[in-house]
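One structure follows; several queries about it will come next.
Letters are used for the chains, namely A, B, C and D, taken in the order the chains are written, and counting of residues starts over at 1 for each.
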């Protein structure tokens, strides 16, 4: 049953890809095929995922490729199920959204090719999550990268887009290189490329090889997920793609790295040493904090969201790192809780990040700009989009009672538990990581106050003249679905958590679902006696119940005096306009000053005076922060490579004498050193 | 008899070109000949698969799975090139390139065409002979024959740069082949000391391979070094690679594609034959180390030139250096996986590389330049098919999944780990990634971007057919390889393994 | 079920009534310390009552977010209040949300209040929101560290569990880790409740406001809800402080005697804490905004030291 | 007859070794030679000596097919090729001196070094325990052959003019010929014929190229062919 739904879903994507390409001459048809096929694929994908998660034991099947070395073998287990579920939800929402979103491409761009890449991306993701063979995995992995590259550079006429796309595909290829080496190492040990064979072989490997394998996989998967310091492609590439694609890229494509880590570290490598888990944890902390700090300084809406992806990957890695440490320290129950935190956050982040990108897409779609400084007041023309974006913002900030809170809460609980189970100074790291998680959460909240308020609230900053309208219904339905998912996964978290039992059983041999749920199935507990408890459902209920009397109080007052609308306080100088509003740059200024050591902000103020030096005619203000990693790490590296290459070109300077000399010298050296045994 | 026909058909096509006075007749002869040739090659492959090695004239001609594979690939490339050549030279004729030649050298367009249609079949004939010759001396002669035939193809356009390229090619290749001949003589000597003149009269590989274990070892060492340098020059292994960028960028596209695949295969084929003798005589270790060093060096040398490159045809040449390096490296890693990976690589490379050349050719003919700077990007707007195929071929040639070269590179990588070359493997992957980056940066800047308002080219059915057909094959073999072909490759691997 | 509701109702009344009292008391105390007469302790009740009977002016630029914010602030504060042990070790809703829920629910209120501040379109609102979010963000790690120190000792983030453990070994507040954590949390409390030296609750001078700037455009019942909510938040945080670090007097059950005794102790502790705050407010000047991070950094370091000492001195 | 200063007991081999040494001397003389025409003539003499060696090998080993080889060498390399080259040289009007890249004394020094290398490499082929004639002969002539090859190669490196590079190539192939003849008493005839044919075609093609280069560039200096770079 799982296999059949999976196969149908794959077939939908495959035929969708081909049909889209074939119909590229007829844009409307291509759009229709693209969205319908993707929706169908997502539907069957979701069915397969649910069945696969519930089933518990893996389903295996394989197809021949003509070369016995490479078999297309699949294994659908609970881990695959969760990632496929996230994929299916996102694919469904995005394809509904795209019904309208792609309409503006008609007649301007090649929708057929878009649809081909879109389906290729979905297909490769599905296969990535189910591949049971290193070869198939790598194939799907790179197809995913190539399809995303194609989609990122969809607006290839733009120089910035092309550069971003290249950066993306090059980094992707580097990570492919790391994975290739890693898998070759494992295959050499096991004599086969089947994932199933790795476990036994990896345990036997020498210490040095285990370290090498771990580092290669961590680098490879980490680059794909955008961990710091390998993140620079992410904020470049995600914003320039069409928004429905950005939603998929940030929502699920970077999660492929998380999938890989979970699969390899927990399954194939059979557990990694404690220091490795600690490394994952620390990288997670650094990515989370720096990610959100960079997000705060952005006023490009989509770049801001892209930086938040780095942050959330960091949070996921904290959970994963904790799981790895617990496992090696002999606490599989705790490891299971931490793993659930990580995977659940993966799912949650997929949903709300997709929602936010779709919201940003709607904004871009109707206003034509991603620059928050030009937006404002959109809540009036676009109320539904604003509401959906708000829910997404609350969810991503980890605020109760939505889903982001639940997974962060689980992460906190795992981190706190870590204090008790490790020895020495490393135990301190856990609560410190927890406090950094708190910092991250609070900064994320600050950032989303900015993102939402500057974009949707108060007065428009120069977009009044444009014809701004609410998005068409399919786009709203797409966002609405994800909004509902955020709420449902938040309030109904306890109902959902039992579904993780097959997953933890498979990877860690533990079923902790029942420990996590208490109090008539409404209360989430930390999985240990006397541990913390929380209930998002009751919190939501409490908020609603308590809001009633408050509303009554206000209503009673309103009965007596009419509520008036009046201008905001303007310090007595009438004419408060959009120019007086707080800007995104201004909003983040305190943090820019506080963390100036990180940002190295540079600002420039130029005043032009007309007559008196006290009354400037105009003031130009420029401010930018230093992109530390790009400037300090990547730019010099690139420069170095280009310089060395340019120097090396002297080899081929055109002189035939030099060319003959190379052969002559080689001959003499070989005769001298090689000819005599 | 099949073996003889394999040689006669292209030779005949070459001779016929001298007789014809009309372009269409020459084209027809060429196309028919290579269509037949391909069928013959397929028939040979089938026969070898079914009945084992085929030989003729008391073992003078000899075809085992390895030869059959190389012949099949050569015939395939030849067929693809002959289809493309029709469109290519018609375009040349229309755009007035031949006119210029006529003005400068006084040779009529039809003579120029005849030059190509006569030389290319002879060139291909000698490639087939390389694979068919059992006698190592004949093998050498055939390889030298490819050089002699192709020198004229390199200077086809008669420009100053073509002459320069042809001169460098001729001199370097001749020196290289002298080394190879020296190596062949020494191989003969090392066998001679054991077997004496009588049994050895024919210098047949099939005889030598059976007795190699008892050859004189110091002589064999020296011989293999010279052979490696010699045929390595022909294969374009660094530091003997320097003729490649020049020759590839000056020759007409079909000839360049033949050089980059057919000649490369022949040279590597010759290396493999000697590798078998050497590893039987000296053990695989000696050859392995040398091959790994040279292979890695070749890939490494290609890297900076691919990263900083102004001319897209030279870019392709460096890619060819890179791939010959990969093949040599794979041979050096050895073991069942290494050899299999190497032969897979050879097969996939031969199928993929012509596509890249054809795309480059289209672009060059359309824009009348081979410099990135002058092309100004945005080709996808004026030539969507070529542009898309160019990107596809770039990805395929740089070994990116889901294209087939990835399969061979993955196999080679596994063999590297099995052979214990860990550091080499890491450097190898590092080089490959860098090459991919360089390639993609250049080609994407050529294909993508804002529309520079080039006029759209006249559509040419022959060119489009060859590109679409090749692209389709490239995509399909990325996912699925016909099992007879795989069995042929496996058989060839068995031969190189010395089984 | 019923029992929980009754208990919640009782604590709800307690919260609603005590919170303005605490604010008023600190105000009065401050006035006395500054040798002013000041208003009496019930002035805050009167203010709220008065505001609830006034009409409202809502800025023209504002959307429904502006109107939603006061409810959310008020409701989250109350809900948090129900999760915290006040007179007994067992808070009515503590099963449904531990200390993490408390922190994040308060953050939810703040989130919407900041949105409300920006919704007005006035630069003051924006400035207030920006500063409020900044300070709360950098206060967060210190707060969490301090809370973790206690939570780790109790092995739970559930506040009732923490209180039970604290009561059973009440000598522990003398432990260095608890002292350090207390100091850290106290600094955070000052920052979170907008007290001098971080913010001045009494000022409306444009450039020094934080919290007040954010709510500048609120009037009438909305302002009442916000003010009330703010005082509840203050109460909640102070309760958290005094009851986790000085748990004496907390009744372990819901008997009348225990409750009465607990209540008396609780009021006494609040009084002491209020005095402390009044003293600090009187004896310090407001810090420059960009000095606040240094103060919070101190809190963070204290929190870290607290943590380290937990495992050094156990 | 037995000459005391040669270790080989066999007359044929003695003569071969002696002649090989002469060939080597001629090769070194080419390095020092400044005139193109003399260069071509030295090559002709060298080729004739090789033909003589082939004849001796054929005579002493009763290998008839080597007579053909000897004859072909004499005609082709000793006659036809030098004649062709000389004609070409006259036709494109080269009279002037060759300008080597490295000056003559140093070139000769390097040629000496290369000869030493040849002996060094060939030493490993010397099996003193194997007292057979062939072994000793192999050792010596192989050394000479390698030296010839290397010096020929060096000449190619050292000369600017296209034609002189062709000369280098030809003398390099003489080294090969010596090896083929003296080590193994000739390759199989068909191979030898093929090789001769190839050499002839190569010389023709290179000649055409030299001619075309001269036409296109007004110079034969190949060190000026430097347009194709990078």
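Going forward, contacts are C-beta pairs under 8 Å (C-beta built on N, C-alpha and C of every residue); 3 or more make two chains touch, one makes a residue touch a chain.
Worth saying up front: this structure is predicted, and the values here are computed from it rather than measured.
Common partners of chain A and chain D, by the touch rule above, are B. Chain pair with the larger contact count among B-D and A-C is A-C, by C-beta pairs in contact.
Centre-to-centre spacing of chain C and chain D amounts to 100 Å, using the average Cα coordinate of each chain. The centroid of the Cα atoms in chain B and the matching centroid in chain D are 31 Å apart.
Computed centre separation for the pair chain A/chain C is 35 angstrom, with centres defined by C-alpha atoms. In terms of their C-alpha centroids, the spacing between chain A and chain B amounts to 44 Å.
Within chain A, residues 649, 652, 656, 660, 663, 667, 671, 675-677 each touch two or more of the remaining chains.
Under the contact definition stated at the top, the residues of chain B that touch 2 or more other chains are 167-168, 171, 175, 218, 222, 245, 305, 308.
Inter-chain contacts, as defined above, occur between A-B, A-C, A-D, B-D.
For chain B in complex with chain A, the residues that touch the partner chain are 167-168, 171-172, 175-176, 179, 217-218, 221-222, 225, 229, 233, 239-240, 242-243, 245, 290, 301, 303-305, 307-308, 340, 344, 378, 380, 395, 400-402, 406-407, 410-411, 413-414, 416-418, 425-426, 429-430, 432-434, 436-437, 440-441, 444-445, 448-451, 479-483, 486. Listing the residues of chain A that touch chain B in their complex gives 65-70, 135, 138-139, 141-143, 146, 153, 156-157, 159, 162, 165-166, 169-170, 173-174, 176-177, 180-181, 184-185, 187-188, 641-642, 644-646, 648-649, 651-652, 656, 658-660, 662-663, 665-667, 670-671, 674-677.
The touching residues of chain D, when paired with chain A in their complex, are 101, 114, 117, 120-121, 123-124, 146, 150, 153-154, 156-157, 165, 222-223, 225-230. The touching residues of chain D, counted against chain B in their complex, run 63, 121, 124-125, 134, 138, 145, 149, 153, 156, 162, 165, 169, 172-173, 175-176, 179-180, 183-185, 187-188, 190-191, 194-195, 197-198, 201-202, 205-206, 209, 212-213, 216-217, 222, 225-228, 230. Partner chain D is touched in their complex by these residues of chain A: 649, 652-657, 660-661, 663-664, 667-668, 671-672, 675-677.
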